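The following block contains the structure, expressed as structure tokens.
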């Protein structure tokens, strides 16, 4: 159950509609998912987060599909249900196969395991891994 | 300060040395990092984790460099210092550039932000994201 | 689905009823929320946690509304659904507006983002921030 | 040990210096802390995060000191060492007293405890807490 | 809603059925829980995780019931709903009483509280706790 | 570097000394570890937390050594350095062997792994695990 009432396109202010239109144009879709409808209850947050997502997730030195898989990895680690569903769907839309999804989850699981082995044993960082002198 | 005394090659049992040798052969290096030297205090864990890492991180449907970047993403989210250093080094060894590292951290940061926006507002998952009927 | 059967007032022992009565008197309400009905399955925990909540959340150097907002911030970061709902309701009862809730979530999201930027880049703490010599 | 080489003012590009100058002017200080010197290795991230911090942390419906205390609450929950130091220092600069810091940490600790009691017992959310129909 | 279609015994390949049979034989049950039916969508993960669970959770220096309680402690801290239910059920099957469950949750809650008190105050580790020189 | 100045016995108020004396008497030691010396900067927190620790960690339905191992499991999952050291030392003082520590860390690592497999695949909870009707 949401903490705010989602803002549908029909009920949105021109300012919010402008963001919705840009989201749909950028993503070549004709619907807005609940994340944005909820942020629209606070337009400065809607605008800021959309601008950040558009910038950070744009093609760059890392491929957009890889960025989505990284997003899923964080969301699974944090157990954010909405984010796992929405970013897995985005990754699938960008070409993620079933086999890639399965390997992605396997890496995330293993990393969470070895993170705790390292935490628990408290291994000192090998000097070979240091890029810069302290 | 480590919770266990690291096991150097010279002090290792034949069973542990066999794993060390395989790690170095697989990675084409001539040294063992502290993670494995620490796990060697409990050989069944050393063998099990090495086997899992070798299997999960092998080339498959996802590129090995991408797997390392996913590993870094989880480690940053969990703030595992050792893991951030070791897997960032592994990613650099597999070709990660400075620009890719910067984008990787940016995606991880953004994902952690929007994970909490979703958690706090508790948006319901859009039916369009469902792969299977409940 | 709860792991324990909630203890209703009518079924409670005198010892549990005494805590329930004090909760309702302190909060000027005439109902008990599920958190307390669940803890009542283990009366020592019910009494200890109620005593702690009453002490820590009482007016002091920090305003009670601010304390509730801090509570929500932690609950959102941990993604504790029950806690987000119950403490957001408590904050609203103490005067939190929609605009304050929106800003609260925005700060929580941003803090989670920059926490990971700091984690990932592993910036050394500036000596200017140190209150005491090491 | 940082993962990147911090960018000092003397070595910064005009673009980075412009952000540094704005940070110092906004905060009425004459030095730049390591967080920004590290982000400066990727100027788009430096500019984006500074803009977000300036926007979100500005006075609004929530008092700036309260925002800093919320920031500390998240950072303590995530155990981000750099962030705990930097945002506690910022909160002190905005007037946080020793007594307020002590109460802040007490609330954060208690919230983390009751979050796990709720998680473990998995209490259903009381309908009275729902703002909107499902 | 699951991200994958669960694999029922009747639809499973011989390779997956062999794991299912071993799980049921080891656990002396005649049904497979959803965790394994989901992992079966990626047989290498099913086999690897089952082998790891069988090895790690076997009787050893720590009693199997205690291992299950440790598993619940981690799952509650991470708020993994499925894991809390399945490992609490496993612990009950191995003899965990209601009183033990209540104490387990109490310890987990308290540990999460004092973890944050330690994080927030950043206490230096006492030299008396060090097992090995740095 | 600590956020507060630790309170040594010689500098403590009679109220704080009384708690210190009780801690040493209960634990049969003649020194106070830094956790308590730091909490002593806020005596109500010192007294409350000591009372809670004494109550929760006392012998009951769960053995004190097992409680300490559960405490370590939570602390490793949260990566609380101070807590891992102090509670591992407490567990060793109560009889934890090297083999038990190694198995404890192995269970914690595995639980963190399978927690994320469950989170990522989002398996529905099997009805067989439900103790109570929804």
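We just call them A, B, C, D, E and F in the order they show up, numbering each chain from 1.
In this text, a residue touches a chain if its C-beta (ideal position, glycine included) is under 8 Å from a C-beta of that chain, and two chains touch if they have at least 3 such contacts.
From a predicted model like this one, the values you see are computed outputs, not experimental measurements.
Novice: Quick check on the contact graph: shortest path length from subunit A to subunit E, in steps?
Specialist: The fewest touching-chain steps linking subunit A to subunit E number 1.
Novice: What rotation angle, rounded to the nearest 5 degrees, superposes the C-alpha atoms of subunit E onto those of its identical copy subunit F?
Specialist: 180
Novice: If you list every residue number at the subunit D and subunit F contact, are more than half found on both copies (same) or fewer than half (different)?
Specialist: Different-residue interface.
Novice: Which chain's mean C-alpha position is the greatest distance from subunit B's?
Specialist: It is C.
Novice: Nearest whole angstrom, what separates the Cα centre of subunit B from the Cα centre of subunit D?
Specialist: Chain centroid spacing, subunit B to subunit D, equals 27 Å.
Novice: Centre to centre, by mean C-alpha position, how many angstrom separate subunit A and subunit B?
Specialist: For subunit A versus subunit B, the centre distance works out to 20 Å.
Novice: Indicate the whole-number Å distance between the mean C-alpha point of subunit B and the mean C-alpha point of subunit C.
Specialist: Their C-alpha centroids are separated by 34 Å.
Novice: What are the residue numbers in subunit D that touch two or more other chains?
Specialist: Expected reply: 1-4, 45, 49, 52, 56, 77-81, 84-85, 88, 99, 102-106, 108-110, 112-115, 117, 119-122, 124-125, 130, 134.
Novice: Chain touch graph shape: choose line, ring, star, complete or other and state it.
Specialist: Per interface graph, the chains form a complete graph.
Novice: In the complex, go through subunit F and note every residue touching subunit D.
Specialist: On the subunit F side, the touching residues are 1, 3-4, 41-42, 45, 49, 78-80, 134.
Novice: Could you please specify the touching residues of subunit F with respect to subunit C in the complex?
Specialist: So the residues of subunit F in touch with subunit C come to 1-5, 44, 48, 52, 55-56, 125, 130-134.
Novice: For a test of understanding, state which residues of subunit A touch subunit B in their complex under the given definition.
Specialist: Within the complex, subunit A touches subunit B at residues 1-4, 6, 31, 33-35, 37-39, 45, 49, 52-53, 56-57, 60-62, 66-67, 69-71, 73-75, 77-78, 80-83, 85-89, 97, 99-100, 102-104, 106-108, 110-115, 117-126, 128-130.
Novice: Going by the contact rule set out above, which residues of subunit A touch subunit F in the complex?
Specialist: For subunit A paired with subunit F, touching residues are 72, 76-77, 79, 81, 84-85, 104-106, 108-110, 112-117, 119-122.
Novice: Name, in rising order, each residue of subunit F that touches subunit B in their complex.
Specialist: The contact residues of subunit F facing subunit B are 79, 84-85, 88, 98-99, 101-103, 105-106, 109, 124.
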